[in-house]
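Before anything else, here's the structure in question.
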Amino acid sequence: MKGIQEFPKHYCGVFGVFDHPNAAEIAYYGLYALQHRGQESAGIVTADGSTFHSHREMGLVPQVFKGNALAELKGRNAIGHTRYSTTGASHVQNVQPLIVDCNRGKIAIAHNGNLTNAAILREELEAGGNIFQTTIDSEIILHLLARPNLTADSNPLLETIRRIQGAFSLVMLTEKEMIGVRDPHGFRPLSLGKLDGKWVLSSESCAFDLIQAEFVRDVRPGEIVIIDEKGMRSMDAFPDQKRRAFCIFEYVYFSRPDSKIAGVNVYDSRIQMGRQLAREHAIEADMVVPVPDSGNYAALGYSLESGIPYHMAFVRNHYVGRSFLQPSQTTRSLDVRVKLNLVSDLVKGKRVIIVDDSIVRGTTSQSRIKILKEAGAEAVHVLISCPPHKFSCVYGIDFPDRSKLLAANASPEEICQHLGADSIGYLSQEGMVKATNQPEEAFCMACYNGDYPVAYESNVDKEIIERRTVDSVSFGDLLDKEASQSKLI
Amino acid sequence: MKGIQEFPKHYCGVFGVFDHPNAAEIAYYGLYALQHRGQESAGIVTADGSTFHSHREMGLVPQVFKGNALAELKGRNAIGHTRYSTTGASHVQNVQPLIVDCNRGKIAIAHNGNLTNAAILREELEAGGNIFQTTIDSEIILHLLARPNLTADSNPLLETIRRIQGAFSLVMLTEKEMIGVRDPHGFRPLSLGKLDGKWVLSSESCAFDLIQAEFVRDVRPGEIVIIDEKGMRSMDAFPDQKRRAFCIFEYVYFSRPDSKIAGVNVYDSRIQMGRQLAREHAIEADMVVPVPDSGNYAALGYSLESGIPYHMAFVRNHYVGRSFLQPSQTTRSLDVRVKLNLVSDLVKGKRVIIVDDSIVRGTTSQSRIKILKEAGAEAVHVLISCPPHKFSCVYGIDFPDRSKLLAANASPEEICQHLGADSIGYLSQEGMVKATNQPEEAFCMACYNGDYPVAYESNVDKEIIERRTVDSVSFGDLLDKEASQSKLI
Amino acid sequence: MKGIQEFPKHYCGVFGVFDHPNAAEIAYYGLYALQHRGQESAGIVTADGSTFHSHREMGLVPQVFKGNALAELKGRNAIGHTRYSTTGASHVQNVQPLIVDCNRGKIAIAHNGNLTNAAILREELEAGGNIFQTTIDSEIILHLLARPNLTADSNPLLETIRRIQGAFSLVMLTEKEMIGVRDPHGFRPLSLGKLDGKWVLSSESCAFDLIQAEFVRDVRPGEIVIIDEKGMRSMDAFPDQKRRAFCIFEYVYFSRPDSKIAGVNVYDSRIQMGRQLAREHAIEADMVVPVPDSGNYAALGYSLESGIPYHMAFVRNHYVGRSFLQPSQTTRSLDVRVKLNLVSDLVKGKRVIIVDDSIVRGTTSQSRIKILKEAGAEAVHVLISCPPHKFSCVYGIDFPDRSKLLAANASPEEICQHLGADSIGYLSQEGMVKATNQPEEAFCMACYNGDYPVAYESNVDKEIIERRTVDSVSFGDLLDKEASQSKLI
Amino acid sequence: MKGIQEFPKHYCGVFGVFDHPNAAEIAYYGLYALQHRGQESAGIVTADGSTFHSHREMGLVPQVFKGNALAELKGRNAIGHTRYSTTGASHVQNVQPLIVDCNRGKIAIAHNGNLTNAAILREELEAGGNIFQTTIDSEIILHLLARPNLTADSNPLLETIRRIQGAFSLVMLTEKEMIGVRDPHGFRPLSLGKLDGKWVLSSESCAFDLIQAEFVRDVRPGEIVIIDEKGMRSMDAFPDQKRRAFCIFEYVYFSRPDSKIAGVNVYDSRIQMGRQLAREHAIEADMVVPVPDSGNYAALGYSLESGIPYHMAFVRNHYVGRSFLQPSQTTRSLDVRVKLNLVSDLVKGKRVIIVDDSIVRGTTSQSRIKILKEAGAEAVHVLISCPPHKFSCVYGIDFPDRSKLLAANASPEEICQHLGADSIGYLSQEGMVKATNQPEEAFCMACYNGDYPVAYESNVDKEIIERRTVDSVSFGDLLDKEASQSKLI
């Protein structure tokens, strides 16, 4: 039970709106609804013909756009980006959307996902004389887009999209257009909607509900949509690519329960996972308790299927946020308790099932089980609404290294013992897939089974600048060649 | 359905710890757990013998004590206060705990509740030459405590406590002692606990869980407890006062579900209210949906009693906090939607019961019902886990004027029609009392039935400075009397 | 040569305006012009009939009133205060003007100076039951003003003014009046002006220039001026007090050169001090160099009188301000150099006279002389435009203890040797007085000669709270007397 | 008389240090001393082998590096930049030093000056596929440096330096070297020094004084210096370029008086300008008054030469800084008065000469003369320590358009009348040159005489992004060509 926001934090949300009088404001609300996909930084770029306006900062969406930041984002077209949390304060340069000036005019880009061939592409581009000002793979896309045409028939957008590999849901803005792109495997979600007759793009459909836009459909894997004054054009850029690989963990944990992806309601998929858990793991118990909020829906599904009463025995402190600073001189670790408190009386003498979506390192789970036992729980059974996480993700989610993934290094029995639980049960892969009402082939489940749909460089990471393989220049040595002139003082 | 934190905001939390090496840090965590009782400001005062240290600011607890504010709060004794939200930024002077210097040494005070005879007392004190530097009633208590003894047998603490009226749960610090007081009616909670063998005081027991203190007992109505190096002394300051009047709305809404008051678990009392609602209002429906988080437990109780499935159809955006600023130029009001989003598919074609703890003005409820209907709900039934609020509160809760309380001015049928619901049902007063497992005489239920246990000045308010009845001075006129010297230029 | 702002920092500026439509704004500019009298905090209180508005914070005037703080200070009457710098961030409660509510209505006060009988008065007031919420002596004045009349003829203002002793230039606001008071010795300045036909009060006349008010006259020592809708009334509250004691260091250093006090231009008095220095200390030298900015005018006076060229060889870095943070890991102390840099070429091989207004600890002076010598100055002569500081000040200036005053513990010859100078010369007391064009009896020169015009408690300080002489209360012991009821648990 | 910092604000300072254990700290102090060359933003980049660390923000140097920003700038090599003030808060992306990753490794650059062929170069680079992320010309240099070698003998540094035109004093950092470059005309200063045996570079020598480094010599026009572990190499990159064009306004106004450029002390050059003014414009007057601080030294020179007493009649308010916000509701413009106040008594009945370095629009001068006359000055003569400014600058100084330069549109007589002065006098071009003790051919004096040493694009500006001449792309139209697949929805 990982509790609240303790893990996979590497993530992003993207949003776009075209030709709307309140473009910046709509993008703001869109990002607000996508805040769960990234809490480190946020940015909006608006276009007013050839003039672009941008505001990008570290912080949560309402912090970034406090004051009258929105009022200065003029223009009827806007894209926005909200980014995952990392440590390190010095990454302002990396805040998206990126915006550049090139021979095709101004282009801004917001990217969710990881490119798996980023290092190769970057090395190639640098060898060709390109300079990089950020350490994120998304900058590569802009360099590719700006390359001069080789032939009269060149289509730089298509060539770029076909050159990059891995996971990418993109929303871009040129001086005349908004463009949405989803990689051919469709790793990350991207939805298309309409607001007041104008097109909007969003990582998830929950943003459409907030701005009261109508959900039209998902952008399809491999699809490019281009929206301009003529309307919306669409093209399948990868007609031969059949294998899909949507990240199933979006259903399990990442996406908001009020989003709908591939026609399936996320809330409902989680309820079904809980029901399936009940079918796979029948346990005699007095109550089913979710770890808020990640276990809420699967626990409810378990209760509905099994008839065992649902109880919110862990009470969440809603004021614990990013701003929480644990005083350094503390004599005990209060981390676990400050976020969730147990209604002790409720569990005394009771057999308790706790439900969560994953166990990562197990430390927090251990503490919670200890708290339950101290409160007098007769038995504590742990259920997880997906299979064990045994592999890391190279498509945009910041799992720990395999070496730190508990399930990669221990059997369920060992984990159970380690946690001090009375039993542990994971949802089967089949059960998880079944809950989504889609075929197994629709999904990437690499983090569970190690089957990676797209080959990757050994060192895939959103921050790729460390990779130097060529020697750095010595201008001094070059100068020495100009023998007649240079002199060493 | 009022949704999240939309109303009764006038409120406070108090905390104290005596003779502990980490006093400030423990007070910090104590206030953290009491944050739901006040989000406007927070403060901690520590005592290090005759030296007091204080840090008090506007903001949430972790904002107020960011940086190394705690490190500078030296001393083994500490009290803290967290205060309700009001509008107006200029009230820094009013942030508690107040701290003064007087003939009895330094005294600091943290107060939860409202004095009903504040204006009379203040006028009397001013007439005697006292000056007031804040606009809160709690300052009166300090003036009374500082009055010189009239006789050798005077006990200024007892005299003060018996002079003030209304609701007061106090935690005070002198140079040698920590003092806890609860008014004779026991309007507001106050609990006594032990941590590492040291005494702690807290508005609610949930704070003891966080700091891993042991809950000892409630401070009794009318009781004074004094903790010093000798240990803890207790006295019943009002032996003749029998009528108790604990605010029943603490069970319904205010207190945290993981607190225990008068031996009753708040979580359980809310489950019971929901069960009782089911007994009083049997409805044919497909699901019971709480308004998060105020309706969570009563809805669950209703589900457990009725067998109608519980569904969390409203999804809360956890990132909506105090910092949320709605852009002024917005074309639609997105307030209602930004906090809660509906999982529309879930309710389509379904008969839905929504449960909340109160309806105040009704505006938000109206919007939510409209959203449910637009999503295709076949029927929407509204259930409230207490009787209609018809009267304002003079004991420390910031209800609107009667004129703005919907239930004071409309019948349930009219309310139902106004909201656009298919039916509306309130929990009966008897049902509510029964859910607490205590006799009716234990409670103040004035906001429901208008029966006020303590008489009050017509104009009771925590901010009493407006009340001027005497004329202000004209020093110029006085000067004119000194006829020989004064001259008008 | 103490350089810039290194010492006497204990100080304040006061300002007031009555019945003007832009009262807050005028007070803001008034404080701006008085910023040199206090950089720690600033505050303005406006009165709008019986409603007072205030804004008081730590920081420089423009920092404190940034944003729209001024816009919320409504009303036609305003007083302001700017306060000296101390260490310690937790003194927000002490920021003036203080504002209270009492039986005479609301009163706000701004005070420049120190009361010499503060501790006695405070003890007396506390014994009478008064509580203190700040640690500044100015609060005493408000308690005295609020005391009930003993007889029908009582005049609380006169009684208060005659009860307090020491240095006080006061500007006060009641609901109907603005009041200016200067202590009978006239230690600190206070000026009266007119702006658009309305009365203004200011510590120094330079504030009148900024707001384009007309300077009318000084408020006289011992005078009370009361301004209300009828106009301005004046009274001499101390007709028998003849000895005056204006702080001569106001001419030497504190007041701005563009102020005029007692009919004497401060700029001119400093030029005269320099001329007098030249008469008293004729030196063969190539240039006269001021230590900016404290030595600017005396150095110029010396040059004008002696004919030796004036040169600004020390260049001030105008960007060094309060915000300058010397990195902790620095390997050398750059303090001295960061504020002033020497134009080395200018002094090479030259005999240099440097002029400043005082030497306190001598550390900085030592460094400067070393820098001059390293740059090749043939000789460095130090001249100080007043006598040696041998005694501390009890009337409002924060000199160090005598033990740390260089001149209190060393002869001029020893100082000269300590500094590494070629010679040192101080202006004589007679010369200093002569430069002001006033009789010796007009001044307090206690810091030079130890002759204190008003007796003082041994422990005079603006912060008087430490002084506790009575025992603090034990409410527990009192409770023990109530034998029948109290019980030790 | 323009007063304080009212004009030419377009400007920069650069600094570098190589192989020093306290590199970041030294860069910090270096920038501190160069703060007068740019107050909008500041940045430092350090190199620790192939790892670069950077901190760049809007604000003054001590604001930008507050907290522990310096501690995180690890490495023994550092360069820094301080940038001019512009309006508009959204230029964070433009804060220098720029830092990129390319096929030559990491390169950081700090640039003072303007490229006159920036637009042409940028268009050419964009046509070749390069993308631009800032709007400053300095980014062009990095793109040029990153271009692949065309031949084995290519020297990208030399090729780059010979390709760019205009004004550039550069300090760059690669992973192994620090590089200093000065354009062949030497428009802007750049000095070389040694600290603890390590090389340092600085726009002005005053920074060396602060860090106690030894001034070695100026970097020569057209010189490249490369410092690496072997020591310092130097090369004259433009052996055929003879014409020099140092900005003479650096002597008149920009550079700090304690800097030395081309062997000439700036302080002394300004004294000489004042002396020369006295020779060219003998006036019968009672005092010479500088406009602080720009007129300080020329006024002193005038006094020394003429024997007319020098008086600092305008007193500067040292607390007026960037943070000063004039309240919007002000009824009068207090701008002029808030910065400088006049010691009125001093000028009453006197004939006053005021000295400044330039008149731009004349508005402020007009006000100051009015203030002098109102104070009773019998005559006011205006002297300017250089010729009239008639032309704008394209080499890095932000003069207004010619249309707004008073002297470009009016004769001295008309200006005199416009200002309300009794006479006006400018220093002659010959006199100005003579004061620098250098030949006329050493200087750029284009702002005085319109003789521009380097041809320039009509639209030279540090911000060049507006210049788009090619059409922006329509990816949609390109997609339409892929006829078989694209569809318009």
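Read from first to last, the chains carry the letters A, B, C and D; within each, the first residue is number 1.
Keep this in mind: a residue touches a chain if its C-beta (ideal position, glycine included) is under 8 Å from a C-beta of that chain, and two chains touch if they have at least 3 such contacts.
Computed from a prediction, not measured in an experiment: that's the story for all the values here.
Most remote chain with respect to chain A, judged by CA-atom centres, is C. With centres taken as mean Cα positions, chain D sits 39 Å from chain C.
Centre-to-centre separation between chain A and chain C, using Cα means, comes to 59 Å. Separating the centre of chain A from that of chain D, both taken as means of CA atoms, is a distance of 45 Å. Across the assembly, chain C contributes no residue that touches 2 or more other chains. Because contacts link each chain to exactly two others and close back on themselves, their graph is best described as a ring.
Under the contact rule defined at the top, the touching pairs of chains are A-B, A-D, B-C, C-D.
By the touch rule above, chain B contacts chain C in their complex via residues 50, 53-55, 72, 90, 92, 98-106, 126-133, 135, 142-143, 146-148, 153, 155-158, 174-177, 179, 224, 226, 228, 230-236, 239, 465, 468, 470-476, 478-482, 485-489. Contacts from chain A toward chain B in the complex involve residues 22, 25, 28-29, 32-33, 35-36, 39, 60-63, 65-66, 70-71, 206, 209-212, 256-258, 260, 265, 267-268, 293, 296-297, 300, 303-304, 309-312, 315, 317-321, 323-325, 327, 329-332, 334, 337-338, 341-346.
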